[in-house]
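Got some structures for you, see below.
Across the two complexes that follow, subunit A remains constant while its partner is subunit B and subsequently subunit C.
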Partner chain A sequence: MKFRCERDTLFEALSSASRAVSSRSGALAVLSGIKLTLEGDQLTIVGSDLDLTISVSVDVGGDEDGVTVLPSRLLVDIVRALGAGAITLESTDGDMRITAARSEFTVRSYPPDEYPALVEPPTEGISIPASSLTEALRQVVPAASKDDSRPILTGVLLATEGDALRLVATDSYRLSVRDVTESAVLGEDQTVLIPSRALTEVARLLDDEGEVTLGLTERDASFRIGTTTVVTRLIEGEFPNYRGLIPDHHPNRMTVNRLELLDAVRRVRLLAQETTPVRLTMSSDGLDLKAITQDVGEASETIDGIYDGEELTVAFNPEYLIDGTDAASGDEVVLETVDALKPALIRTPEEPGFLYLLMPVRVS
Partner chain B sequence: MFLHADLDAFYASVEQRDHPSLRGRPVIVGGGVVLAASYEARDRGVKTAMGSRQARRLCPDAAFVEPRMSAYSAASKAVFEIFADTTPMVEGLSIDEAFLDVSGLARVSGRPDEIAERLRGRVRDEVGLAITVGIARTKFLAKVASAVGKPDGLLVVPLGGEDEFLHPLPVERLWGVGPVTAKKLRNNGIFTVGEIAAIPENALVATLGKASGHHLFALAHNRDPRPIVVGRRRGSIGSQRALGRSDPSLGEIEVMLSGLVDRIGRRLRRANRVGRTVVVRFRYGDFSRATRSHTLTEATADTALILDTTRVLLRASADVIDEKHLTLIGVSVAQLTNADAVQLSLPLGQRNRPSVHETLDEIAEKFPGVNIGRASGLSGSSQMAVPLLPD
Partner chain C sequence: MRLVIARCTVDYQGRLAAHLASAVRLIMVKADGCVAIHADGGAYKPLNWMNAPNRIEEGADIWTVTNAKGETLTIVIEELLSDSSIEFGEDPGLVKDGVEAHLQELLAAQPATIVDGLELVRREFPTDIGPVDLLCRDDEGHMVAVEIKRRGEIDGVEQLTRYLDFLNRDPMLRPVSGIFVAQEIKPQARVLAQDRDIACVTVDYDELRGMESNELRLF
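Entry: the complex of A and B
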């Protein structure tokens, strides 16, 4: 294999693909490598941990077709360290020579035939405008669980709701739902559970222009964004029935400016240390936030708001409250509550397709 | 001044108290292994944790008694009530020993040795057990004194007489000196605490390593500034189960796990505590041990969540369990905090209803004798509830 390309082009492609390479060296040492395939002027770079595969194609000046697998971390570090300009890669006898300006590296490669065969993404797929998916992923993915001992909750549910594609994620403490209208890419009763880790990568690759093509098979999902493809294994199992969790009636509604709330929680949170919650007292006078950490101190702040309901104090984990307020786009948010122990709801009038359900902290 | 009060051969003494025919005879409490041995049996070389076969060989005329944990719990509770009556500054170490700080009680209760003598008398008269008390200026020394004073004794290390008491003792008396450290010390010609005290600290560190060296140097010079910690909360709550010779399947081990977790969950909720880290301990037939743990996003006392987590940890060790014979399994929940601010969970799945575990807690609370648990736990032998200090 031999080709020439720009350092910036190669670095960007390598960084994307290497994100799927597992940092833990599992049973297959070759998986700590990144696979480069050159056909004509097209270089395809693939990184994978078998659950998640990211492949990126870039145009280069090809000289001699070939396949090689190089240590991912080292290759990324080398290319990052090189200055802007042309880089030449040439394989010789199990080694890869990388030259740029007056620098030269020789890196031992893995035998390419040891690299496992990876799932081919389906050629067919359904396109969604990137802009609508970007926002939905930003709103929903952070609510997924990071705890691997509860695999189902580490996924994001994709389902059809009317003419919309619905995304749902929960870590059992909060639940985020977003409907993307006019994007019902799944069948009426079809649902898929996609690892949130894969969607984090998709969100990273998306920009506001263009579109993303979703392909599905029995076991895998693929997202094609330009010349980059993310293929992920689906999570098997049944997502909890979240519909019954959303109370149909909230007697108390507090409407506040979203950024004011966000800023206030971020300030008051400084005195909500360790596991101390932030207490929100809602009344016709507005919204009062308070945090007390024993032996440290306390903080409080009042913001204006329109309140409809009984005076009520509910305590929340400030991080979860910030996540939900941040996820709601728009100028105003509505915080709907039942009592101090029932799930609260964050919505925004400007985006009816979004809701964030949040369990309070019980204080004694 | 500190008192270290330690009940003598606790389980065995309770048996001798309740069964006059056992008095003056070697008594061994336990099933497969020796849980406790009376002084008569100890004189013949029987030790705690020894296999019962070996114990029988050493002491063929010993009376072997099945443990009666509820009787020990009741006796422990009665003794701790006497401790609490003696001074508010009580730090329980286990069910049969505690530190008591009697400083400042001189006007009210008399000298430390008078207080200790009265305490010993009350335990003998009211509970019917012998208790040894060590008295010294530091907790460490009080504990050494009670060990030296056993059985049924009272030993005072007078102020200023600490070195005189401590230095002639063998190094094994120091807390933290096991067989390995003792051997290292002996190889260097060090047999007594006094000989340790004569060595410069850096030489001791060079021989024993940093932690151990500093630690023993401080102890040999009787430096132990620890105060009594009253009502110190546990950092973890756990429970374990020995499997003996049986070779259970993974499914059967899961049943045992659920029994352990039920118990831990109940203790957590009763003590109003929640924990974030779930730990599973394994011991194998070749005496190797392994510990696997998982830290949750939020602290919990929820039996179902703790059980799910232990199952994941168990399955991750399935290959090793398959290969080696599992002899003991333990579960604990660590990183405990008070449950005064608990992140509630969305009622996902069937956990929508009031928790089964809370109902079980109530039943257990109301009818202490009733054994209520999972049907899956019925086939196995009933689990022995070892008495514990309050959580």
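Entry: the complex of A and C
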């Protein structure tokens, strides 16, 4: 294998693909490598931990076709350290020589035939506008659980809702739902559960322009974004029946400026230490926020708002409240509550396809 | 426990020499012979100390504490402010909340919280290589060995694998399957368990104790 490539192009491609490379010790050693395949002027770079695979194709000046697997972190570090300009990579007897300007590195490669065969993504799929998916992922993915003991909750559910594609995530304390209307949908009753980790990588790769093609097989999902493809194993199992959790009627509605609420919670949170919640008292006078941490101190702030309902105090985990308020777009948010112990709902009038269900915290 | 508060100087002679100038200090002499010199500050660390066994020679104004290595702590008492002794009696030791033994006890009382239909056969079921935490029977009458840890790591899976190997040699018991139970199970341990057909179950300690969490859940 021999090719020449601009340092910035190669670094960007390596950085993307290397994010899927296994960091766990004890895994198949060759999976700590990154696979490079050169055919003509097309270089394909693949990183994988078998659950997640990221493949990036770039145009290079190819001299000699070939396949190699190089230590991922080392290769990224070397290319990062080189200055802008052309880099030449040439393999010789199990080594890869990397030269740029007056720098030269020789790196041992892994035997490419030890690299496992990876799933080929389907060529056809569902098209989703990149801008819609970017926004939907920003709104939904943070609500997915990070706790591996409940693997189903670490995924984001994709389902059909009317003529929209619905994304749902929950960690059992909050639930985020977003309908993407400008996209082709899955089949009727078809649902898939995609690991949130894979979607975080997809979000990182997305631009605001163009389209993403979502391909599905029985066990995998693939996202084609330009010349980059992300393939992930689907999570098996049944997602909780979230529909029954959303109360059909909320007697209390507090409408506030979204950024004012966000800033106020961020300030008051400073005195909500060690899992202390923030208490929200809603009345016709506005919204009072208060946090008290024993032996540390307390903080309070009032913001203006329009309230329809009975005076009520509800406590929330401040991080989850911030996530929900941040996920909502638009100038205003509506906080709908039933009582101090039932799930509250954050909506935004400007985006009917989004809702964020948030469980209160019990306080004395 | 003898507690002496005195204005004193302290000199240590051993691997190095250290001198504490004259000041009021607390001298603790524990029942096992340990001697510690404390200032009126800092959480737990003494300014100087001598681990037991020690020989304490107490003169009118000078104490000499000598340990087995011949190192000495010389305390010159300039002004005695307080001197009292209290008998503490037997110490029960530190009892940690949520230790495996308590988890085991709670799960033995409610094995169905691990898997529906599970019934306890015996706690600490003996094998040639040590006792299995719980031996249970599932709703189909098959034996199930349960290993309980606070934190589920690879070592715990290895341990259960060894127990299963021994239990499955017993024609009266086999086939015996395994369940690895912990408050939290590391991904690597989960992968290894899956590879060995061992089920993994995480349990909530507070829930088992019947303690209500302030964190309400959607489901």
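In this text, the second predicted complex is superposed on the first by the 360 of 364 C-alpha atoms of A that agree within 3 Å, B and C clash if a C-alpha of one lies under 4 Å from a C-alpha of the other, contacts with A are read in each partner's own complex, and residues count from 1 in each chain.
Throughout what follows, a contact is a pair of C-beta atoms (placed from the backbone, for glycine too) under 8 Å apart; a residue touches a chain by one contact, two chains touch by 3 or more.
Remember, it's a predicted structure, so these values are computed and weren't measured experimentally.
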Exercise for the section: Identify whether subunit B and subunit C fit side by side or clash on subunit A in the overlaid structures. Expected result: clash
Handout entry: More subunit A residues in contact - subunit B or subunit C
Key = B
Exercise for the section: Have a look at where A:270 lands relative to subunit B and subunit C in the superposition and call it first, second, both or neither. Expected result: neither
Exercise for the section: For A:146, select first, second, both or neither according to whether it touches subunit B, subunit C, the two together, or no partner. Expected result: first
Exercise for the section: For A:81, select first, second, both or neither according to whether it touches subunit B, subunit C, the two together, or no partner. Expected result: neither
Exercise for the section: Have a look at where A:173 lands relative to subunit B and subunit C in the superposition and call it first, second, both or neither. Expected result: both
Exercise for the section: Kindly list the residues of subunit A that each of subunit B and subunit C touches, one partner per complex. Expected result: 148-150, 170, 172-175, 240, 242, 245, 277, 317, 341, 343, 357, 359-363
Fill in the blank from the handout: Per the touch rule above, subunit B residues touching subunit A in the complex are 294, 296-299, 308-309, 312-313, 337, 339-349, 352
Problem - For the subunit A and subunit C complex, residues of the former touching the latter - result: 24, 26, 148-150, 170, 172-175, 240, 242, 245, 277, 317, 341, 343, 357, 359-363
Exercise for the section: Within their complex, state which residues of subunit A touch subunit B. Expected result: 145-150, 170-175, 240-242, 244-245, 274-277, 315, 317, 341, 343, 357, 359-364
Problem - Partner subunit A, residues of subunit C touching it in the complex - result: 184-185, 187-188, 190, 202, 212, 214-219
